[in-house]
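Here the chain labels run A, B and C in written order, and each chain numbers its own residues starting at 1.
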Amino acid sequence: MVVSGALMGLVYALIAYGFQLTFATSKSINFGQGELVMLSAFFSLSLLNWGVPYWLMIPGGLLFGVVLGLVVERACVRLTLEQKSEGWILLTIIFGLLGFSAAENIWGRDDRPFPTPIPTEAMQFFGVSITPLEISVAVGVLAVMGVIELFKRKTLLGKAFEAVSADRDAAELMGISARHTIMLSYGLSGLVAAMAGILISPITTVGPTMATALILKAFAVAVVAGLDSGFGVVLVGIFLGALESLTSFYLGSGWREAPGLILLIMALAVRPNGVFGKASIRKV
Amino acid sequence: MLIVDNIHAGYGTSEVLQGASLEVQAGKVVALIGANGAGKTTTMRAISGMIKPAQGRVLLNGKPVQGYGAARIAKLGLAHAPEGRKVFGPLSVEDNLLLGAYNHLPMFFGFRSKAAHDLEKVYDIFPRLRDRKQQSAGTLSGGEQQMLAIGRALMANPKVILLDEPSMGLAPVIVQEVFNIIRRLKEAGTTLLLVEQFAKSALEVADYAYVMEHGRIALSGTPAELHKNERMLAAYLG
Amino acid sequence: MLKRLLFIRGAELIALAILATIPLTVSNTYVLGLLTLLAIYGILLIGLDVTVGYLGQVNLAHAAFLGLGAYAAGLSVSLLGFGMLGALAVSMAIGLILGGLLAFPALRLEGPQFALATLSFSALSTTVLNEWEGLTMGAQGLSITRPELFGFSLKAQGFYWLCLVLLVLVWLAMRNLLSSQWGRAFEALRDSPIATDAMGVGTYRHKVAGFAFGSSLGGLAGGLYAFNFQYLQPQSFTYDLMVILLLGVVLGGRKSLWGAFFGATLIVLLPNLLSNRLLFEIISGLGLLLAIFAGAQGLKNKTTQPFQAIAPVIAMGMLVVGGYMVENTENWRKAIFALMLFSVVVGLPDGVMGFTARYLTRLFRIAPPDLPPASALDEVLPAQQADSKPMLELKNLKRYFGGVKAVDGISMTVRTGHIHGLIGPNGSGKSTAVNVISGLYAPTSGDILLQGKSLPKGSLFKVARTGVSRTFQNLQLFGELSALDNVMLALKGVYRSPLPLVLLGFARAEEKRAQADALALLELVGLQHMARVHARDLTYGSQRFLEIARALACKPKLLILDEPAAGLAHPDVNVLVDIIKRIHQRGVTIILIEHHMDVVSTLCDVVTVLDGGLVIAEGTTEEVKRNPLVIKAYLGIADDTDVPDVIPAVI
């Protein structure tokens, strides 16, 4: 049970990772990321219903996520970043609201099952009961994060990405367009959200509210780990997931949201830049 | 190679540059000197597109580039080693250099081998960087960071290099070293626009120099001419 | 004066009179219900505007405070038997205390992290309300009876008047707060938190207090909400409500009491507007026209970018077209909110009231009230003893940034009453040194003593409080405040009234005194005629002088001037020298970082020369100028034979 909780925690980590991607390049995050998860899941489900085979559905769903990410960047983020304001917080919240309402009306308010070819019967490993589906979630999360990290470290474009997060002006002087890099980060962050949606849907079912609780915990993970800490999110995600399943076991399932939120507020009190985050230097 | 024609630029309401003009010919080292706040760095920033000039023209290789973004101007062959060095602190020395050549290298794979030759050339000029190529740039000393910034600019194989206060914050010995490097670049035929607070050292390496005052060019000439100029002597050379 | 009363107070009085008399003429219970809700939401949104508008932070916890306040009021009636006022006091206290507790950790954060923290808080409070069934009845809901007020049981009409009275009180309290030092501090900390701290006005404590105050209004509104509906459910206070509240504040216009009121009206009426097809079409059509008009005007005046003009038109267009296509607009309620909010945030960042206010101020120019005569300078800035004892001592001070040793072991002593010059080539560590002294950076190692006592490290605010004040090389003025307000904000020792008295409007005398004192300081730097001008509209030179006046308002023992002459035209440099001389005469110790050697030699008693983060020379200007090390450092020549005998006049 603790292990399944920890595996769920990996999904929080994946979404939190999506926040880190955009924060690195633009110091902004998409507050409507949960709706991106949900919309991509719905879209993938529709692909399946239209007769698209499962393994083709995945790239289709991911592409949809990328497109949504780019739309968010264009409509909600770019202008306010140019104005050096924090209007993007409000605008991405608004985008989430619009997405939520659209999903409610297009796909309905009910939760729907998401078919999967991966077996869901529990297996026993060293006395721990775990389903192949849960394992597939873990594998999927680590694979996506691994590929993106490899991209950032091993390709020149990835290094350019890091350069923009380190010093935007200097990166521009190298001929690296900060605007394109920010678009790239939002695209990747949309891809990550879509992946999270596809991975988690078979377990949670698909519905407009499927990501509401999920996203809160992803926020918690991102802030506790620090918005610039790379793999710190994985550790915090696993920890939080495990903690949650313990809480819901001992205090009742209604309380399962509580530890993450308390953890978040406490972590902020002790280390405002996150447990794994770096302190920032104020400049005059 | 680079012509700046009557540019006006500034930050917010304050107009720092009030019609500055200068010219850098291919293969020459040109120095831009002047008091603090005269507008030297602003001129550099306006040329490389970090700020947009309100008026005037910037011609790079005959092509007007004023109003372009910095990334676009960099692609056209201008490398700017900015004031304060601005190396990418968290990245390794080698990654910093590779990013200097960003415009010439493939985006995904094989960029390391393609850049190997240029990397070696830069490492030959700055052997200290070779020793530290895996170290993250933020941990370098000020002098090493300055060399990295120059090396990064060289990696672009640019038509023109803008070098803004390479001596800033460095110990005198290191400053000497930096000027020796500039001399070597000059011998290799690099086109260079150099902003420098140490007027005397700058004049020793430059082919031609401009003196800035209050956002305008007050004087210009070859170092020999400037050495004879009364006003120049009184104000800058003591 | 009369005009001022007529227009500003007049509008308020008329609105109040209309609101108060409607129940006498209209006996429709539905209308009364709406009006009551309007008053409650008015209080709620004024509270939310404190954080969203004045502090400039996206606060997502306000709906939670409404809920917590509502439950607190309800439970204090049913469990503790409190009366109306007692219960409302409890709900305010709950908002204040929980708001403060949340603000302490959360306001150490900026922007997105703050929004996330408040979002988590509101999710947490919903969880608690849902799960603590023994107290809140959980999802079943809690029924409440409306308690008596001084022994009278209130009918719907009476309760409405109570809400209205409370709204008026909140309105007045808010106006008092905003016209006091607090209002200035709110404005200032959005412009430059660094300067706010450096002037000894704690950014953090003002933010926490502001947030707690706003939350207590949320709690109060919650109490009224509970007694209005007499039935509470946790799911009424979730994220959805929060978004609607944000819609109200942003659409109405941030930083405006009228904006909050307008937003409340809108929220209350919106469900009715959406359920009526014709009304919806009219409103979306009007919205589209407004978007086109505002966008076209913005483009014509070049105040907006193309995206800013076009995006709202597209969004409102979607609303109009979508309105025809869908069958039931109520199902799309959230999408409609979203599109409207999007258009306003992008196209009208000041909100509807901000937009109209700009037109109104152009129509009616109202002169600000007269200023009192300036105080005597002796009272504002008493002369200090210049006894040449050590004022500031640096002991082997170091500050590294990664591998860069910006300051690498500086020791020096600044004597009381001296003007101590700090010079050196670019990047020699002068600015870093004063940034460490003034607390912007913590030193890597070493000690700083002020009059023999250790200075606090790494806190601008604490250092400012001990009597060190500074100006900034890159100006850090509060651009949105007038010159006078810039100085008043920093004024030390005048504001003594605690917050409750300020809210009740008892701080006016202090305010007059502060204006008089600030005027005296403006006179000292020659800006007395510019008192009402916004700092951002002053000329560059005047901005520099204003920063000096502001720094003096902290009544410093030690004043640090960081390149005050940078970028000044020649006549202004002469004015600057005069100003510094005048300050010197009052016995203030000064550290002067400067590149203009003529300024340094006219003013400084002692000069310390830095290079490469180290002290390379110290002495009088003449001594220093002849020091070969100094000449070398300035000319950057390591092995020169023909060293000139003086260093350049202008470096």
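Throughout what follows, a contact is a pair of C-beta atoms (placed from the backbone, for glycine too) under 8 Å apart; a residue touches a chain by one contact, two chains touch by 3 or more.
The structure presented is a predicted model; accordingly, all values stated were derived computationally and were not measured.
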| item | value |
| --- | --- |
| Per-chain Cα centre nearest the global Cα centre, belonging to chain | C |
| Pair with more cross-chain C-beta pairs in contact, given B-C and A-C | A-C |
| Averaged-CA centre spacing for the pair chain C and chain B, given as whole angstrom | 40 |
| Geometric centre distance via CA averages, chain C-chain A, whole Å | 33 |
| Multi-partner residues of chain A (at least 2 other chains) | none |
| Contacts with 2+ other chains: residues of chain B | 89 |
| Touching residues on chain B, where the partner in the complex is chain A | 48-50, 69-72, 74-75, 79-80, 82, 86-91, 95, 98-100, 102-103, 105-109, 111, 152, 156 |
| In the complex, chain A residues that touch chain C | 23, 27-29, 31, 75, 78-79, 82, 85-87, 89-91, 93-95, 97-98, 100-102, 104-105, 212, 216, 219-220, 222-223, 227, 252, 254-255, 257-258, 260-262, 264-266, 268-269, 272, 281-282, 284 |
| Residues of chain A defined as touching chain B within the complex | 155-157, 159-160, 162-163, 166-167, 169-178 |
| In the complex with chain C, residue positions of chain B that touch it | 13-14, 16, 35-37, 84, 89, 138-142, 144-145, 165, 167-173, 175-176, 179, 197-201, 214, 234-238 |
| Contact footprint of chain B on chain C as seen in their complex | 402-406, 425-429, 536, 540, 563, 566-567, 569, 595, 611-613, 631-638, 644-651 |
